[in-house]
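Going by the order they are written in, the chains are A, B and C; count residues from 1 in each one.
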Amino acid sequence: MTEQQQRDLRHDEVESGTQSVLATPRVDVTDERQNSLWSDAWGSLKRNVLFWIGAVLTLLFTLMAIVPQVFARGVDPRACDLANSKALPSADHWFGYDVQGCDYLANVVYGARNSLIIGFFAVLVILVLGVLAGAIAGYFGGVTDGVLSRIADIFYALPLILGALVLLRVGPSTDIPIINSQGPGAVALALALFGWMTAMRLVRSQVIAVKSSDYVAAARAMGGSNSRILIRHILPNAVAPVLVYTTITIGVLIAAEATLTFLGVGLQRPAISWGLQIATGQDSIRSTPHLVLFPSIILTLTVMAFIMMGDALRDALDPRQRS
Amino acid sequence: MGRYVARRLLLTIPVLLGASFLIFAMVYALPGDPIRALAGDRPVSPAVVEVLTERFHLDDPLWVQYWEYLKNLLSGDLGTDFRGRPVLDTIQRTLPVTVKLTIVAIFFEIVIGISAGVLAGIRRNSYFDNLVLVSTTVIVSIPILVLAFLAQLVFGLNLGWFPIAGTREGLYSYVLPGLVLASGSLAYVARLTRTSIAENMRADYVRTAKAKGLPNRTVIVRHTLRNSLIPVVTFIGADIGALLGGAIVTETVFNLPGIGREVYDAVRAQEGAVVVGIVTLMVFFFIFFNLIVDVLYAVLDPRIRYD
Amino acid sequence: MTRPDISSYAEPVVAPGAPILSVDDLFVEFRTRENVVNAVNGISYTVSAGETLAILGESGSGKSVSAQAIMGILDTPPAQIPHGEIWFEGRNLLTLPAEEQRKVRGPGISMIFQDALSSLNPVYSVGFQIGEMFREHRGLSRKEAKKQAVELMDRVRIPAAAQRVNDYPHQFSGGMRQRVMIAMAISLDPRVLIADEPTTALDVTVQAQVMDLLKDLQRETGMGLVLITHDLGVVNEVADNVAVMYAGRIVERGTVDDVFTNPAHPYTEGLMNSVPQVEVKGGRLQPITGQPPNLARIPSGCPFHPRCPRRRLGAEAAPGRDCADDVPPLRLVVPGREAACHYSEEVLGV
C-alpha cells in the first residue's frame, strides 16, 4: 500500500466514523480469527449498558412502525374533531390533540412507520450502491477506481441535506417514477443518492487493505477467481465496519427525513410524519409547545436508539480495544 | 508544499465543474419539465414560459444549456425569482447573517469540542471522560431540528437567557443558534479528539519524548496534540457541509435573516431559482473550504506534502 | 554467524571505572483487571563507565520493562514498582520527586528504542527533535539548538547534515533514522545510554554500522552502554559483560566470553546450543523446548524448570534444591560468574 493509499484509508475511516486515526488497519482475514472477532464483540457488547438501551429502543420503535395500532391504543389517527383542536395532554389522551383535533399520541405513533421505512429503505439502497461501487473500485483499482472515486468526490461536494433538498424540490416536476411521487420512496431515494459515497469509500478502503494481504495472494496462487476472492475472502472482512456504519446511518437518515419534511420538500400532507407535525406545531409553540415537543422527543429517541447501538457496536468490534 | 497546493487546486476544478453540473442536471436535465421545476405549483402563463425558455435556452441541446448555465454562474448571474429580483441581490443581502452564524458555530465546535476532547483523552476512564462519552452520544442523536426548538423553548422562552429570534441583540443573538448549529459537530469533534489523544499518548514517539526528559506539559502539547488534531481537522472540513444544511433549519427556527432562511422561504414560495442559486453557492463554498482544510492538513502533517 | 569482524571491541579501551548506574533488587508488576503480571522479579545489576553490559533475553523476559523502569517512563498505573532501588550519581531515582527524575532523563541517562520510525514524531523535523534536548535541558535558543543538532548529526555520521536537519523522519532510511535517535540520546553527554533492541529492525550491514557507531561514541565519551537484545551475535561482538534474563530474573551473569563459551545455567546453555554453528555441518538445531512462561503465572521454584533438561525433581533432587519447589538464588558459582541454578556446577562441568 502506498502512503497515499494509507492516508486515504485513514481519511475514509475518520469520515465514516468507524475508526479514528493513526494505526494502519490490521486485517484479520482467516476464519478462526473472524469468529473470535464476533464472539469477543458479543462479550463486550453484552456488558455495554448503552447497547442494551439502544437495542431495546430500536426494538420498541420497530414494533411501533409495524403495529402502530398497539401503541396508539387502538385510536385512529385520522379520527379528528375540530372541537378538540390543540387540546393539552390529559389522562385519556397522553399527547393531547393536534391542530385539527386528532389524537396526537396516535399521530406520533403512526409517524414512526414512515420514518423507519424511509430510514431502512434508504440505507438498503446506499448499501447496494456503496458496496458495489466500493468493491469494484477497490478491487480493480486503476482507471475504474479513478473514475468511481472522482464521481464520489463530486457527490461529496453536495452535502446530504442540500442535495436531497434540490432533488426533492424538482422531483415532482420530473417524469421519473417514485422520485416524482413526493412519497417515502422519493425521500429515501434522494437520501440514498446523496449518501452512498461514505459506504463506497468504506468498502473500498477495506478491499484495498485486504487485497494486498498475503492471505489473498495465497488464495490467488491457488487459483481463486476474482469474484470468488472478492466474495469469500475480502468482503467478510468489511462486514464489521459496514455494520457499524449502517446502524448509525439509519439513525442519521431518520433525522434527515424529518428535517427535509419539516423544510417542506419531504413527505406532504396528509402523510403522517414527525417532520410535518413539528412544522405545523411551530406556529403555536408558545401556547401549545406539546405539539412540537412530543414528535420531537419520539424522533430523538428513535435516532438515539440507532446511534447508541452503532456506537456500542463500534466499540465492541474495535480491534484496538481488545487486549 | 507548493506543489501539493497546486495539485489540490487543480483537482478542485473538476469537482467544481462536476458539482455544478450535478445541480444543473437535477433541474434541467432530468426527464420532465424544467419550468415546473423552477416554478413548482405556481401557475405560469405562456408568456412567462416563453421568457423562461429563452433565458435558460431550454430549446437548445443540453450541452448548450449547461454552457450558458456555467457562464452565468461564473459571472454571478444566478437568475431571478418570480418577482424579478436577482437571486444574487437576495444573497448579498442575507449572506452576512449566515456567515456570522457559521463562524460562531465553528468557533464553538473547535473551542469546546477540542478542549473537552483533550481533557477527556488525557484522563481516560476518569469521571470527566465518561461524562464526555455519554453526553456526546446523546447530543449527536438529537437532530438539530429538535435541538433548535428545545433550546428556543428552554433557554429563550422559559429562562430568558437568550433572544429567541432575530438579530436585534447583535452578536449575542448568534450565541444560542450557533451553539445549536454546532452541537452535533461539537460532540463528534470531542469524541474524535478524545480517541485521537488517547491513542497518541500510547504512541512510541510519546515514549521517546518522555525518555528525553521533556516536561509533561510539553509532551502533551507538542508531541500529542498536533498529531491528534490531524484527523480532527479532516473531520471539521467534511462536516462543514452538514453545518450548511443545519443552518437552514437553525435560521428558520430562530428567524435569522440569512441565506438558510431564504432557502426555506423559497421552498415554500415555490421559487426554484432561488433554491438552486443558494444551494449552488453553498456547495461552492463547501468545496473551497475543503481545499483550505486540505492545505491545513498538509501543514500539520508533513508526510502528506511529499506524496 | 557471518558478520563483519569487529572483535577488536572485545577488550574495552577505557578500563571500566567506578559503577555509575546500579539497580538493586528491582521488582516491577503490572496490575490489570484480571491478574497481576510479574514482569521483573528482583534483578540487580551495575553499569560502569566505559562498560557495555548486554541484557540478553527473549521477548517477555522483562528486559525492556526493567530499562523503562530505570528511565522512569513506565505508566504507573498499570505498572507498579513495589520494591527496589536504582542508584545513579549517588541518588536513588525511585525516591526522587518526579521533577528531579525528569531532569536525569536525557542529560544523565538516555535511551534509544527499536523502531526509529515510530519512535520519532513524524510531524517535526529531525533537527527540531534533536534540538529539543538543548532547548529543554540547556535553555538554548532555537537557532543555537539547531546548530548543535547539525553537529550531532555529523557526529553520528549522517551525510549532508546541514541540509538534512530540516527533513522529516520518514525521509530517512532505517539506519539513518536510528542514527538520529542516537544523536538525540547522546546530545547532552549522558553517563549511561540504554539501547533497547537498537538493531533488531535493521539489515545486517546496517546493524554493524550502527553498533560501530555506538562503540565509537562510547570510547569517546566513556559512557556506560546497556544493550538490551535477544540477538546473541550482537552481544558476542560488542558487549563486555552479559546478564541473561528469564521470566523477569537474571539467571546468569558474567563476561561475554566466559558465559558464551561455558554457560553456567541450563537456559544459557540452551541458547548457545540453539544457534547454528558455521563449523558444525549437518545435525539438527536444538531449540529449547516449550514456551516462555506467562508472566502472570510464573512456575513455582525455578521458573525455567518446566523446560529444563537438567531439572531435578522430587527424589532426584538434593534437599532444598528441588527445581520445582525451591527458587534458586543468583549466586557466585565461580569467581566472576553468577548463576541462578541449583546445579550450576554440573552445567559448568566443575
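The criterion applied here is as follows: contacts are C-beta pairs under 8 Å (C-beta built on N, C-alpha and C of every residue); 3 or more make two chains touch, one makes a residue touch a chain.
Just so it is clear, the model here is predicted, and its values are computed rather than measured.
Novice: Which chain has its C-alpha centre farthest away from the C-alpha centre of subunit B?
Specialist: Greatest centre separation from subunit B goes to chain C.
Novice: Quick check: which two chains are joined by the most contacting C-beta pairs?
Specialist: Per chain pair, the contact count peaks at A-B.
Novice: Counting in whole Å, what is the centre-to-centre distance of subunit B and subunit C, each centre being its mean C-alpha position?
Specialist: 53
Novice: If you average the Cα atoms of subunit A and of subunit B to get two centres, how far apart are those centres in Å?
Specialist: From the centre of subunit A to the centre of subunit B is 20 Å.
Novice: For subunit B, what residues touch not just one other chain but two or more?
Specialist: As it turns out, subunit B has residues touching two or more other chains at 203, 227, 230, 303.
Novice: Please name which positions on subunit C make contact with subunit B in the complex.
Specialist: 71, 73, 102-107, 110-111, 113, 115, 118-125, 132-133, 136-137, 168, 170-171, 181, 184
Novice: Would you pull the subunit B residues touching subunit C in the complex into a rising list?
Specialist: Residue positions touching the partner: 203-205, 207-215, 218, 222-223, 226-227, 230, 300-303, 306.
Novice: Quick one: in the complex, what on subunit B touches subunit A?
Specialist: Residues 14-16, 18-19, 22-23, 26-27, 30-37, 40, 134, 137-138, 140-146, 149-150, 152-153, 157, 188, 192, 195-196, 199-200, 203, 227-228, 230-231, 234-235, 238, 241-242, 244-246, 248-249, 252-253, 263-264, 267-268, 272, 275-276, 279, 282-283, 286-287, 303-304, 307.
Novice: Subunit B touches which residues of subunit A in the complex?
Specialist: It is residues 3-4, 7, 10-11, 14-15, 17, 20-23, 50, 150-151, 153-163, 165-167, 169-170, 172-176, 180, 251, 255, 258-259, 262-265, 275, 278, 282, 285-286, 289, 292-293, 296-297, 299-300, 303-304, 307-308, 311, 320 of subunit A that touch subunit B.
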